[in-house]
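So that we are looking at the same thing, I have put the structure below in structure tokens.
As written, the chain order gives the labels A, B, C and D, with residue 1 at the start of each chain.
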Amino acid sequence: MSLEPSDIRRLLDAFEQSDWNEIRLSVDGVEVFISASDEAAPPATSPRAAVAPPATPAAPATTTSASAPAAATASSTPAEIPAGEAVRSPSPGIFWRSPSPGAPPFVEVGQHVEAGTVVCIVEVMKLMNRVVAGVAGTVVAIVVENSQQVARDQALVVIRPDAG
Amino acid sequence: MRPRPLRRVLIANRGEIAVRIARACFDEGLECVAAVSEADRDSLAARLADGAICIGSAAATASYLNIGAVVGAAIAARCDAIHPGYGFLSERAELAQACAEHGITFVGPPAAVIRRGGDKVAARRAARALGIPVGEGSDAIASVAEAGRIAADIGYPVLLKAAAGGGGRGMVQVRREAELEEAFLRASTEAQQAFGDGTLFLERYVTNARHVEIQVLADGHGQVVHLGERDCSCQRRYQKLVEEAPAAAVPAHLRAALGEAAVRLARALDYVGAGTMEFLVDLDREAFSFLEVNTRVQVEHPVTELVSGIDIVRQQLRIAGGDALGFTQDDVALRGHAVEVRINAEQPAQDFLPSPGRIERWTLPQGEGVRVDTHCHEGYVVGAHYDSMVAKLICHGASRAEALDRLYRALGHVRIEGIATTVPLLRDLVGHGDFRADRINTRWLEDHFLPAWTAAPGRTGVAA
Amino acid sequence: MRPRPLRRVLIANRGEIAVRIARACFDEGLECVAAVSEADRDSLAARLADGAICIGSAAATASYLNIGAVVGAAIAARCDAIHPGYGFLSERAELAQACAEHGITFVGPPAAVIRRGGDKVAARRAARALGIPVGEGSDAIASVAEAGRIAADIGYPVLLKAAAGGGGRGMVQVRREAELEEAFLRASTEAQQAFGDGTLFLERYVTNARHVEIQVLADGHGQVVHLGERDCSCQRRYQKLVEEAPAAAVPAHLRAALGEAAVRLARALDYVGAGTMEFLVDLDREAFSFLEVNTRVQVEHPVTELVSGIDIVRQQLRIAGGDALGFTQDDVALRGHAVEVRINAEQPAQDFLPSPGRIERWTLPQGEGVRVDTHCHEGYVVGAHYDSMVAKLICHGASRAEALDRLYRALGHVRIEGIATTVPLLRDLVGHGDFRADRINTRWLEDHFLPAWTAAPGRTGVAA
Amino acid sequence: MSLEPSDIRRLLDAFEQSDWNEIRLSVDGVEVFISASDEAAPPATSPRAAVAPPATPAAPATTTSASAPAAATASSTPAEIPAGEAVRSPSPGIFWRSPSPGAPPFVEVGQHVEAGTVVCIVEVMKLMNRVVAGVAGTVVAIVVENSQQVARDQALVVIRPDAG
């Protein structure tokens, strides 16, 4: 199966007539990305589209124009993890910073938490596990990007315990 | 839009139901294209289909729940129909609406029917108007105070339920008046979070209840038939573990009444396609009450297929293509008994902890009256993004006893390594005296079977 | 030995037939143990069975052909029966004999019947005594001079065949007298090497021939029925590629006569179990002649199962356990048409060069009327020790056209990677006009189809 | 499934009553080897049996008492392959030195062969491929043991070409 120019044209026509937000399709290395919104500009009447031709089979083509989802840009991914007590994942799963898409994150760097405060969710097969801080202290790092896969025992959030 | 024969179907789902739809398309002589997330690019459905199109990243919100991506994929891949399977977008009227707007056939009821059926309060109102019992419950409740008045009237225990809900979310049992306020707030919050609508209703809680549902098929030419009932009373946290057809524990006159009620309700809703009417049967009082309509194919549809000989997914495709049903209610003959178990990647002894991982060994039994619906195979990686069901094992026999014997033996021949599964639990369940004798209700699994099973020596700490 | 009900069966074979037997045991409620070579320790049959016992190294002479190891394994594994499948020891009277001596039920005819049936000259003599045509051929031939006299009598071309043979070895076509001496020596040497017996016989060579065989079931209580015929005329070097039931190209009166002849012959041989009587049908003369008896289940048995609805391997187990057939000839109703193709790990464009290796991808179609018999799966290593068949794909339809349509589509949905297979060839064959029109004979594949297919542009050098 | 002492006893009884030559069975690491013949002695009336208990799962138990098949002992497996022209395997398969079990080998070390002389068979899926010498010369090594698996292009036999 392959995507022909006429297929993409029909897709663009349909997109214009709809209230869809974003579509990212790919067939055999041909990737189509259509987004109703531009990072800076307000939603344009004409959708913004990018079509990447097939690359070498070893490296599938991707568009680089994607605007990162809000939650992901908000997360910090430090190259070095500051010292402190790590909150670790109880299972393999998906790391979520907020209780639902669009909701504010459970915690931000710099925020003070108590032992038992929910700092994130690890989702595994539709089971939402709330992960809590083990100690009272200050969040010094959020190690994982929102919506990323994590392994069991992987450090998710680092807390510098209160002096005392 | 006037229906037209289908040619090429987009499978807008994943897992075993995507494989099931690919098979139905093959059988109907239709082409199909699998819409897959990045995690499912190499899935069995993608391989069985005539083509595959990736519709976004592994997170369902970016792919299987993205209406634009699904409809756009159908357009780009030159599909003239979309089969939504179950779960994901299958009961979202917006998808049916978007299909209609873009000239694509939605394999399911029209958007208006999904809206009517999916709104529990509206569906109950429709049932009540037809004289179908809807339980001693209420319409939408405005406040805790109103809930208190109604509960006092019908008597505790009662059940609070989300009007827009399903799958047990937004559903809270209230044993006495003192619990009501806290329960109301909890149910309402859950309903708001899960469905974007906190509206609740309330109904009498039945102690000795069976969950019984009727499979309905309705074509666009006024013909509505039912294919008998399924008993899905073996539930944990409102998730079904075992389903069977027929509901042998329910008296025949009640089953006949359920079938008749389901057909009348489908007619009243102008139903088109395959649908399921769920009922609660009170075994003590020999009475039933309507619960809700599911406007899609169900996970447990195979038990009905095995006893009726009618392929429900193929019927969905034919109805969507404008065909009239080729049979009447009188032609539907149910034969024998069928039982399905859901094999999940979970550790039942560890509170059903999900068990993702790579399947190192995967051998399922083969035999007469043994059906396996699955998307898994050796080397398949069960990921964390989607639900934990890895296979359905369905056995058919001339009698319930024969079907259960076959299922018990078949479960003994399942060899899965690399992930933990619910197989050991299911085998013990199917072999349990209460279950064999059909002396259970919707609380049996959680209140009787599981506590004893979990407490059995050597159970904990062992990855089944 | 008086038959007694089976309890636990040793599967003395490998590959897809071992899986098939495991399934039949499951269906009959019998335990089974897979006898495996070291190469097959982790085979699908070993996994499906209730246990596995290793009977020697990968070389068949040390394991699947070692009678002591097979019978010893049955004894050690507490099996009361041995199913030999096809090939290997299945037609060795010594195995049946050893079973009888050690109190084990052999799933097949008694040793004496295997001897009578397996000796082609004796079997032909028995047929002739019943008035069944055995071809214008000879009994055992002592010398080239005798062969020359007989050949001159019946007219060239003639065929030299090994008396103890099968599978095309020791079989040489002689077009004119000048070729006879060299051909006689070659055939005799081949026969000696392959079967330890250089005895030859001679028969008329039929130009427009179909290979048609009758499936027979005989219980130990005097009941003998046939399940209709199979047409296996699509052969390359006497190896069947495609088999179907019924033999639609053969006139009905001939097919009826074949069935009747097969049953009479089975009775004359005191046959017990499942067996096949092979015939050559001369389409031009509307005549047939008996070829040989196969005293085992055939590779192509599924096509008969699909049209008759009778499970031949389960019937073998029941007959071996002493059951009477539960039906008569009048009860056998054949329905529709079935076609089987053998999927081999071979490169057909490279003179069918075997293609062992690791199966990196393995997806076969699913659908109504589509049956796949296989021992392979993703990650399975097709080794060099055994034959190249990796799967049988069998399709059933209401008519031959429907069965072929289904098979053609199914072949288009096979996805196998890591090894080359005959799938592309089989698809072209099933879609070929001559084959669709059933206008072929036993020479068609080699003389007409293959030369054209191999010469098609882009064929060579491409691992199909 | 497991082999019990009583199972092995029944097997030995059956072996004594039969004319079987050799049985080698194993179930879950328990290996039973019964042979009618002893390497030195003529066939004994009482069969020679060895039972190996299960070893650690990582290393399956084997008896070391097996007498190697005649063809295997006859083959030479030099540590170093002498110089010469290698006859290579045309495909993956099984290497056979003789046309059939028990028959004399096609060639022996020291024997002179012509170009086109059959030196061995490589069996692949029941297809017997006769492998021939590419040059006239003397067989200086038979590199592979009889009945062993070989890869495509693997050296099987080494021939020192005739001078000239």
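Keep in mind that, in the parts below, a contact is a pair of C-beta atoms (placed from the backbone, for glycine too) under 8 Å apart; a residue touches a chain by one contact, two chains touch by 3 or more.
These numbers come from a predicted model, not from an experiment.
Colleague: In contact with subunit C and with subunit D at once: which chains are those? Just list them.
Modeller: Chains that touch both subunit C and subunit D, as defined above, do not exist here.
Colleague: What is the distance in Å between the mean C-alpha positions of subunit A and subunit B?
Modeller: 30
Colleague: Could you give the separation in Å between the centres of subunit A and subunit D, each centre being the mean of its C-alpha atoms?
Modeller: Here the centre of subunit D sits 60 Å away from the centre of subunit A.
Colleague: I need the residues of subunit A touching at least two other chains; which ones are they?
Modeller: Counting only residues that touch two or more other chains, subunit A contributes none.
Colleague: Would you please write down the residue numbers of subunit B that are in contact with two or more other chains?
Modeller: none
Colleague: If every chain is a node and each touching pair gets an edge, what shape is that graph: line, ring, star, complete or other?
Modeller: Per interface graph, the chains form a line.
Colleague: Judged by the touch rule stated earlier, which pairs of chains are there in contact?
Modeller: Result of the pairwise touch check is A-B, B-C, C-D.
Colleague: Give the list of subunit C residues in touch with subunit D in this complex.
Modeller: 33, 50-57, 59, 61-62, 66-69, 71-73, 75-78, 98, 101-102, 193, 345-346, 353-354, 356-357, 384-388
Colleague: Give every residue of subunit D touching subunit C within the complex, in rising order.
Modeller: So the residues of subunit D touching subunit C come out as 1, 3, 7-8, 10-11, 14-15, 17-18, 20-27, 32, 34, 91-94, 99-101, 123-127, 147, 149.
Colleague: Applying the document's contact rule, which stretches of subunit B touch subunit C when the two form their complex?
Modeller: By the definition above, subunit B touches subunit C via 19, 22-23, 26-27, 29, 44, 47-48, 311, 361-363, 365-368, 370, 377-379, 409-410, 413, 415.
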